[in-house]
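Structures follow.
Here come two complexes built around chain A, the first alongside chain B, the second alongside chain C.
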Partner chain A sequence: MSRDLSFLLPELVLMVTAALMLAGEMIRRPRLVLGIGLVGLALATGLAWPLLKADTTVFGGTYRIGPLAVWSKLILLPATALSLLLARAELAGKFREGSVYSLMVLVSIGALMLAGSGDVMLLVLGVVLTGLGSFALVAWPADDPATEAAMKFLVFGSVAGAVMVYGLTFWFAGAGSTLLSALTGIDRAPVLAAAGLVGLLVGLGYKAALVPFHFWAPDAYEGAPVSVAAFLSVVTKVAAIFALAQALSALPVQTGWQWAVAVIAAISMTYGYLAALVQSNLVRLLAWSSVAQSGYFLLGLVAVGGGALARESLIVFAAAYAAMNIGAFAIVLIGGRDMEAIGGLGRRAPARAAAMSVFLLSLTGIPPLFGFFGKALLFGAALDAGFLWLVVVAILNSVLALGVYLRIVVALYAPAEAAQPAPQAGAAVSTVWIVTLVITLVMGVLTRLLTG
Partner chain B sequence: MIPILSLSVFLPLIGALILLAMPRASATQAHAVGIAASAATLILALVMWSRGVVAGEFVQVEEIAWIEAIGAAYRVGVDGLSLPLIGLTALLFLLSFIHQARSQDRARSFVILMLMLETASIGTFAALDALLFYVFFEVSLVSMYFMIAGWGEEGRQRAALMFFLYTLLGSLPLLLAILGMFLASDPWSFDMRIWIDDAPLGGAAAMAALVAMLFTFAVKIPVFPVHTWLPAAHVQAPTVGSVILAGVMLKFGTYGLVRFALQMLPDAFAAAGNVVLIFGVASALYGALVALAQSDLKRLIAYTSVNHMGYVVIGVAVAALATDPAMRAVALDGAILQMVSHGLVTGALFFLVGMLKERTHTREMARMGGLLKPVPVLGWSFVLFAFASLGLPGLAHFPAEFQIFLATLNVAPVAVISILAIVVTAGLYLRAIGLVFLGEPDARWQALPDLDRRDLVVLVPLVLLTLAIGIAPGWVLSVIHVTTSAAGF
Partner chain C sequence: MSAVLPTILTPILAPVAAATVIALGRRLPGPIALAGVVVALLASGMLLAAAFSGRVSPLVLPGLPEMPLRLEAGPLSAVLSALVAVIATFVLVFATGYMRADPQRNRFFATMLIFVAAMQALVLAADWITLLAAWEVIGATSYLLIGFWYRKPGVADAATRAFLYTRSADLGLYLGVFLLIGAAGSSEISATLAISGPAATLGGLLLLVAAMGKSAQLPMQDWLMRAMAGPTPVSALLHSATLVAAGAILLIRVSPMLPGQTLVVIGLVGGATTVVTGMIALAERDLKRLLAASTSSQYGLMLLAVGAGAPVVALLHLIAHAAIKSGLFLGAGVFQHQRGSTRLEDLAGVGRAHPRIFAGFALAALSLAGIPPLAGFFSKDAIIAATMSAPGAAWLLPLGLAGTVLTGAYMARAMTLLWRGPHAPAGGGNPDLVWMGSGMGALVALAAGLGAGFPAVEELLGAHVATSAVAMALGLGAALAGLALGWKVDGARLLGPLAGRAERGFAIGGGMDALVARPALALARACDRFETRLFGAVLAVGRATATIAQGTRVSDERGIDGAIFGLVRATIASGARARRLQSGLIHRELALTAIATGLIAAALFAAPLLL
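Then we have the complex of A and B:
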């Protein structure tokens, strides 16, 4: 028992942190809540570091402490901290801002649970835990768009969650255990395996905003504060992808799950970018782009079924995606949600416009930025798993992606309408874009640190 | 031991970082940094040139571990194929900085982009790691995109977007081919030397990789019918953008054609050699004929690039088809020398068109006329480079094209019909010279200033090199030949 708990130190620290944050919110001390949150996240990240060498499970195999789970902590906890800073920049002084911070930390615990799941029950628990906090985060502004967005999110989430639980019971029937590791023999019962697979893909596909379970994402991101959109597009999405990797790595490939995932990947990439092409609201555009990026993640998932590079590619791309996506949202937070609002930012605030260009080119997958190395590894992983056609689809979509993201770059460097002043940016949001910029610029060259 | 090659790759980038750290730099300071960094790079290139190359291997090799898990490393080195191109790149960038030095328009940003582009260009030729090569290859796109979009002419946004989309779509198949070769190598490695010595792919997979690569390099070269981005990009690009695009970046395509397609997939290339040859012949003829139909001087020169690069493609295809190693070496010598000559001559022609446009504010040949009287030095320089471009003996293109045609006649005699393109090129240049420079000058042009000292500083090195290669090409060919005549190239 004490051995198991020692592996859970990061999670335990986070739970204490979340409790303290809620207490701080009760006495209405938002700065204190933020401080506790940042310290707790930093401490939990630091405690996760020594676990990198571990590859084991705790609590009878239900919770995995392996590279995927530990890297999820090292990626998602700093991403949560950056989201907290974004939220501070956006919501400082508003009523109950501290509840946003504490909810984010609570959701991050659920995200870690998802990413480390070794058991079907934990998957469900993770989906519920991240879901509850996310609904509240989206609804937080308490105005009409936010309420509508949260309603959609909630209804969609409830249905997807119900389908997931129902589907996963078939796996239990087939495998006789809720452990994911027990799935190895389930291909003898193909119907049960397929039913469970559908449930898994619906539930986690919804969480990761994969087509066709993505409908909530553009509305929820648009209704929510920008910082919450950044948080949801990174933390819960990456957690869901990692959870899929945990589940699918045990599922026999004879069930054909690789093809289901590959088809969803192709559709998500293509549809996400096509829809993003026609958006003029930057938050919606980034929402659709994040749908497409989820599709790219699935290239690595396909390879989980027996191909090298799968784990490395997922980890590297998750880190890259977290940095560049949060960075892009940070600039949107500074510059404004509309394409027109950021027009001419290149003249008014050249450093921030250049940073935005870097984030967008990295999202496209242009070397030597971090995103390129993630995508190159994903391509290599899918190719090694024998899915050449999927890599070709992904490559064609990269061209579509360039069209999507260059529209913003062109707007950034359009001649400024009038002599508008440079938008104001506080220390918190500046920290976020500078940190993510440095990561996006230099981590590509230092990718070896993530693949050791 | 000073890492000279790495220094010459990264000196421009260091210059760019210095400028980035000087947010208030004046235009003069920015240009000074650009000229200093590129001059130092040229000196390093000359030092490398003086050290020469060795048959059958790369020299000046420098390696640093990078992503060990997938066998990628920082590996650079040069041989007789890349060394002349690195020298050409360093020279053209220095001359471009000198030419650009009078511009005041957002000079700091422009110089930063140019320096990034120089690092990417030299890096592309120097890389011995396929992943590193791809990184440099793509970075050059970004710099060129911003250069066209920010400093180009009327329709620049559209042209820049087209350029970026076209060449990105073009280069992604190369990534696919690189990943395929990487996964097929055992143990996994991106080391290009290993791939050259022992081709990782064979059979149908090799052919698929070759098709992917040929697509990428055909777009970049550009080969008919995927050349359509080139005239648009050239016409809209600023003068130095055109110089670098034609003089350096088109060579990425032909360099890749030799380094990747020919060296790593020799059997597949030999099997597909005739198809490549047909595309080369078509490009050479089509480029010349379309150039003949142009009324815009810059467009005309852009299309002659399609023609000249067509000869390079013919040379490489003939080398792939050749069974006699001596003939193969002749074809490759010609093709590689043609890359260098084209960089010098077309670079000079784009400089001259830019200088003409500065003075007359037009590129329409019909609106000029009789310019030889008011601007004789400019006029005679144009005539010299036009003659060089059409392949006159004694000037830079002649020894290159001569060797290409010699080898073609030996290996695939039918393809010699592409020699007709030279006749067309001669006609179009004579027509252009007649329209622009001969006849009575319009009253508007009487007071045009001729070339000033800065213009001469840009042009004189190109004139000298064009003559030097034309009259005695031995000093370049000897370097190239050491590598191309080695067994196993």
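Then we have the complex of A and C:
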């Protein structure tokens, strides 16, 4: 028991942190809440570091301590910390701002649970835990758009969650166990395997905002505060992708899951970018772009049963995606949600406009930025798995991506119509974009450090 | 220095460092830029010396797992690196004078330096990932440089067009590179050159597409002539040893891998380009656009040489052309500085006012035409000789000879138009002219005398370039015939019925637009319509409920209508909310999700039967 708990130190620290944060919120001390959150996240990240070499399970195989689970801590906890800083910049002084911080930390615990799950019960728990906090986060502004978006998010989540639980019971019937590692022989019961797979794809596809389970995403991101949109688009999405990887790696390929994932990948990329192409609201545009990026993640997922490259590609792209997406949201937070609002930002705030261009080019996948290296690894993994057509679709979509993201870059450097002052940015949000910028610029060349 | 910093990084990092200093300090951009490229030049010289003495050691940096980043100054890379450094140095000497009065010169020099650094990275790259990265940076900075005067009408359009054309062609590079890496199992360029079979054929063709875009080969030649909207030093650099050269360099590097049928395709593309763009040059009314068309045409000749199985000959012509074309462009820049225009009719007689500049221009022009003992003679002669002994000689030789005749004709035409005309006295002593003249003078001297260095290059690359008296006679005859024709006969008359079409650039540009730009925009518009329709449906539902509610109110005017009013208000409010969120129809979206889930389920249930 004590061995198991020693592997769970990061999670335990986070739970204590979340409890302390709630207590701090009760006495209405938002700065204290933020401080506790940042310290707790840093401590948990530090405690996760020594686990990198571990590859084991705890609690009878239900919770995995392997590369995916540990890296999810090292990527998602700093991402949560950056989201907290964004939230501070956006919501400082508002009523109950501390509740946003504590909710984010609570959701991050659910995200870690998803990314490390070795059992279908943990998958369900993770979906519920991330879901409950996310609904409240989206509804936080308590105005009409936020309420409606959260309502929609909740209805969608309830339906998807119900289908997921229902589907996963078939896996239990087929495998005789709720452990994901017991799925290796389930192809002897193809109907049960397929029913469970449908449930898994619906539940986690909804969480990762994959087409056709994505409908909630643009509205939820738009209704929520920008910092919450950044948080949801990175932390819960990456957690869901990692959870899919945990579940699918043991599933026999005879069930056809690779093809289902590949088709969803192709549709998500194409539909996401096409829809992003006509948006003028930057938050909606980034929402659609994150739908497309989820599709790219799936390139690594199709190969996940095969070798280490697939896992490495998922980890590297997750790190890259977290940095560049949070960075882009940070600049949107500074510059404004509309394409017009950021027009001419290149004159008024050249450094921030340049940073935004870097984030967008990295999202496109232009070398030598971090995003390119993530995508290159994903392409390699999909090629190894024999999905050449999917790689071709992904490369063609990179052209669409250029159209999507260059529109913003063009707006950034358009001449400003009136001499507006440079938008103000506090220390919190400046920290976020500078940190993510450095990661996006430098980590690409150092990718090898991530994969050991 | 090499103790602290490997010599091979210096040609890349020195310009980057200079650009950083300019960006931070914002003063003295010209001298700082010169210092940067001179350091790079020294390092390139050291690399070349090391290559001559056979001491080549690759620099391996951590990159992707199994795919480290590699830089290596092998013989070919060292020669190209030195070439890039030399041309960049003299072009920047020229630019110091040319850009003296431009308020944006900090931006200009910084971008030029980044561009030069990327080009050095491209030629020194020994793995495909580094090459891809350098290729992309070159594309992006060339966009910035072509669009440098973005406030002028048409300039932004030209830059965008150049970017879109080369960018679409870059897809070929990505697909080709991934194919090669997949086939060879390594990202090292030298390892991928060992593959053969269908992968080599297909990979070669895909790389050819990328090279056609960058080197402005048929049918993607149009962007190059529009790219003349940039400052003249930019044109001089882009057209000689860098941007346009990247395509040819790519093919020269992979040529050991290319099987026969791919070579034939490359040769035919090059041959067709050299003839068609040669005719365009003959019909041009603008000096810079004439030179641009000629660039396309000369790169056509290089591809012809690669297609004839003589990549070293292509390299020799690339070297000679780099010096010649940058010299010609700088001459054009001086003339433009004097007359404020590059249209040939405005430039008539400008040569007589500046006899020394004109002499330099003419020397470079004669070298390009292939008159001995100038550098262009040796390389062009070698191309003719190579096509004679190639498998497809029946096709390649006539195309090569036609290209040579056309080269002579359009260069002679440019010289007559610049010389004949009203004699206007030159403006007084201009300090800018000293810089510009010395930059150009050095390049022209290279254009004339580089031929003497060719044997050393051949020796370094371990290749013997065959030549023959017949080839020499044919080449020289074609060059002289072209020069005579161009001097005596008006270009339009020479082309006869083709003149009009040639002047419009054979209007193939429209075809490429239809292939690339329009479908992308049409798809975006279709999606827009789809969104609008969905949005319309939402509004219609809202309106319908509102109307029903309205009807209820009218029919029950005096009733207890508080509740009904409430309903109406709620409905209208929710309609407005739906409008704000663009879609409130969650049941419809859930239905879509359910249908899609059903499809996935059906496919998965069927999967065990199929797999």
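Things to note:
The rule is simple: the second predicted complex is superposed on the first by the 450 of 452 C-alpha atoms of A that agree within 3 Å, B and C clash if a C-alpha of one lies under 4 Å from a C-alpha of the other, contacts with A are read in each partner's own complex, and residues count from 1 in each chain.
As a working rule, a residue touches a chain if its C-beta (ideal position, glycine included) is under 8 Å from a C-beta of that chain, and two chains touch if they have at least 3 such contacts.
Note that the structure is predicted; figures quoted are calculated from it, not measured.
If you put the two complexes together on chain A, you find that chain B and chain C bump into each other. Look at A:G24: by the touch rule set out above, it reaches neither chain B nor chain C. Touch criterion met: A:G403 reaches chain B and chain C at once.
Judged by the number of chain A residues each one touches, C leads among chain B and chain C. Applying the stated contact rule after C-alpha superposition, one finds that A:L377 touches each of chain B and chain C. Once the two complexes are overlaid on the shared chain, A:T447 sits against chain B and chain C alike.
In the superposed model, A:L277 makes contact with chain C only, not with chain B.
When the two complexes are overlaid on their common chain A, residue A:A195 makes contact with chain C while staying clear of chain B. Residue contacts after overlaying the shared chain place A:V392 against chain B and chain C alike.
Residue contacts after overlaying the shared chain place A:G174 against neither chain B nor chain C.
On chain A, the patch touched by chain B and the patch touched by chain C overlap at residues 309, 312, 366-368, 372-373, 376-377, 379, 383, 391-392, 395-396, 398-399, 402-403, 445, 447-448, 451. Those residues of chain C that touch chain A in the shared complex are 61-65, 68-69, 129, 132-133, 136-137, 140, 167-168, 171, 174-175, 178, 182, 520, 523-524, 527-528, 531, 577, 580-584, 586, 589-590, 592-593, 596-597, 600-601, 603-605, 607-608, 610-611.
Contacts from chain A toward chain C in the complex involve residues 144-145, 148-149, 152, 155-156, 159-160, 163, 187, 190-191, 194-195, 197-198, 201-202, 211-213, 215, 218-219, 222-223, 253-257, 259-260, 263-264, 274-275, 277-278, 309, 312, 366-368, 372-373, 376-377, 379, 383, 391-392, 395-396, 398-400, 402-403, 445-449, 451. Per the touch definition, chain A reaches chain B in the complex via residues 309, 312, 361, 366-368, 372-373, 376-377, 379-380, 383-384, 391-392, 395-396, 398-399, 402-403, 406, 410, 413, 445, 447-448, 451-452. Those residues of chain B that touch chain A in the complex are listed here as 65-70, 131, 134-135, 138-139, 141-142, 149-150, 157, 161, 164-165, 168-169, 172-173, 175-176, 179-180, 182-183.
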